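Heads up: the structure comes next, in structure tokens.
So that you can tell them apart, the chains are marked A, B, C, D and E in the order they are listed, and the count of residues begins at 1 in each.
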């Protein structure tokens, strides 16, 4: 049963990857990265239960904190200069 | 079939490694080269960790009632290697920043042209 | 008896969570522009993650494992919206125009 | 409450967290817990972070009621958004509008802004003092938010902070 | 069933790798690199390397991406097309790949317990660790005790790289007003950062001190600790962060971390053992081992946290310094 959830998460990650490839704006890619981060956290938690050693939840906890900080950092550190690539200043519509 | 699955991990690792290698040798952009190196490094990490895995084993943290553990030695090597990779990547990127300031470009082809002019 | 009930309940939660995660990912693909896609990500972050974590908590029972899952849940409910808000704000500041429905209601 | 009181509260909270995370209750580990807590509280004091907002004790009863209400809203709008994602015609009508937040404190406003974002179907795009710019997936979600029930409820719990 | 997850994750990694090759925008490539790193971190969990997964997630998906983006922001985003045809590189890559794949055919199968790698030192480590070292996490015992020399070397490399970045990029922050798009209004971030800053630091200390029992240790804790400060710097500005932890202090702390490590080694020599032979540190050899491991993990944690922060400061303060070159 855990495997069903894991497969669902893997499919969701694959869909997120498609979004990250297609963009079209930088923000879409950051958003996809953030979503894949959440999915990874859940997958690690489920995998811990699947292998029968759920005490490894520490890893998932670290992922939650790191993926949050890195999303914020990506937005702040890069966009500080205001140098957006031309594709991201468009309407964002495909 | 088991022959195929038995080496599947290693083959994918080699494909990843070659992807990184290709970026390093074919792309003139220095940041792209560093990304290529990053991919290469990560594939080496995966190679080592794949070798450490034992069928039916679990993480090498001793616990009552578990007898098969994966090999801890590659884990140790790779754990430190990851932190070292961060440090070296940072150094490489710092060099890229300085090259950009000195040459005004981070394209290797352009840098060669400028060097020849001097 | 009690165990079976809890087990079944936790499977329902886990599968429900998995479905919502998938729906969120599909939404992130189908929606027409960046801002609408954020709503799909919200589905993943709230319902998907929440249900999966509750399902795992039921499996964990009364133990430190459940406490850690609860902590993860708590963290996610704070970090998720903050990250989404930051994304929306940064996109808006860089003049990324949202697609707005112009039809009269 | 004085600053000292806040620091003590933060310390107690952090130590409780340590105990819950740790799972090893030897005297040595508990001693490490105390030392770590003291170190973190020291750093937080140095960072000038000790005030009411650092207090993670939002466990007062009325706040709990708010969370239950918010949870119900989240579930309702999740089901709504899910239906829209899965229906072939993609029946959405994105709108951007502003709402006024009635909260007095920063913490209250942030709670309101994050609650809006947490409910799928509405995302806070900008917080400018007490005017929030909100992006809604549908007109219905926008109308729902404009009715102001969430605003009122956050105002009510704000007094307890 | 773990095989299935393993295969799917590897497949996703491969697709991401190819996508990175094709991406012309460096920003997009950097974001994909972060996703690539997250995927490989979850692969490490599947392959039972929990300590490695913790490190990879903290470093690959976090700090590395931030640094890459900071560099892109300092240089340029668009990648020019290569001047040469990629034919020769392609031939070289395919030939190398084919040779390597031919080489794998002689390798033992994936997961084979009879593989030579599992026959020599690893069983000894696994068997002896509980009795001789007294910690359940074998990775920690090998890292800090059996292979203490190696780790000292690694810490030296990190130290050197930190010094190198400092020398290359300088370390003086020039104040400047940040303009342009971005998250301008920081209230939401500030309130959340106030709540999370102490939590992340406490969590880092927890990871440091529980490295004996579960995944964790000095390297991971150092990175998580630095992440806490990075969050602070993001929410309250680099200037405030540098008032909280000044550069001068960081420079001293890197050295202190290294010195703690080396001093433990020398102390054990003074007490009649060999370099880094912890069992002489206390009356009881097992207590000595645990004491030694704890101390060097502390040293590693301090050194890594300071180096990561130095690198972050160096890259981000460079941002403010040169507004005219864009």
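Definition applied: a residue touches a chain if its C-beta (ideal position, glycine included) is under 8 Å from a C-beta of that chain, and two chains touch if they have at least 3 such contacts.
Every value quoted in this text rests on a predicted model; they were computed, and no experiment measured them.
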item: Contact-graph separation of chain B and chain D, given in steps at minimum; value: 2
item: Which of A-C and C-E has more C-beta pairs touching across its chains; value: A-C
item: From chain B, the most remote chain by mean C-alpha position; value: D
item: Chain D-chain E separation of Cα centroids, rounded to whole Å; value: 31
item: Whole-Å gap between the CA centroids of chain A and chain D; value: 21
item: Separation of mean Cα positions, chain D and chain C [Å, integer]; value: 15
item: Distance from chain E to chain B - Cα centre to Cα centre, in angstrom; value: 13
item: Where chain C touches two or more other chains at once, by residue number; value: 24, 26, 32-33, 35, 38, 64, 68, 71, 78-80, 82, 84-86, 89-90, 93-95, 98-99
item: Residue list for chain B, restricted to those that touch at least two other chains; value: 58-59, 63
item: Touching two or more other chains - residues of chain E; value: 48, 50, 63, 70, 72, 181-183, 185, 188-189, 192, 195-196, 199, 203, 210, 213-215
item: Residues on chain C engaged by chain E in the complex (per definition of touch); value: 78-79, 82, 85-86, 89-90, 93-95
item: Residue ranges of chain A in contact with chain E within the complex; value: 3, 6-7, 10, 13-14, 17, 20-21, 23, 26, 29-30, 32-33, 36-37, 40, 43-44, 47-48, 50-51, 55-56, 58-59, 61-63, 65-70, 72-85, 87
item: Residues of chain E touching chain A in the complex; value: 1-2, 4-5, 8-9, 12, 15-16, 19, 25, 27-28, 31-32, 34-35, 38-39, 41-42, 45-46, 48, 50, 53-54, 57-58, 61-63, 65-66, 69-70, 72-73, 77-78, 178-183, 189, 196, 199-200, 203, 207, 210, 214-216, 220, 224, 227, 230-231, 234, 316, 319, 326
item: In the complex, chain E residues that touch chain C; value: 181-185, 188-189, 192, 195-196
item: For the chain C and chain D complex, residues of the former touching the latter; value: 20, 23-24, 26-27, 30-33, 35-36, 38-40, 42-43, 46-47, 64, 67-68, 71, 77-78, 80-82, 84-85, 88-89, 92, 98-101, 103, 105
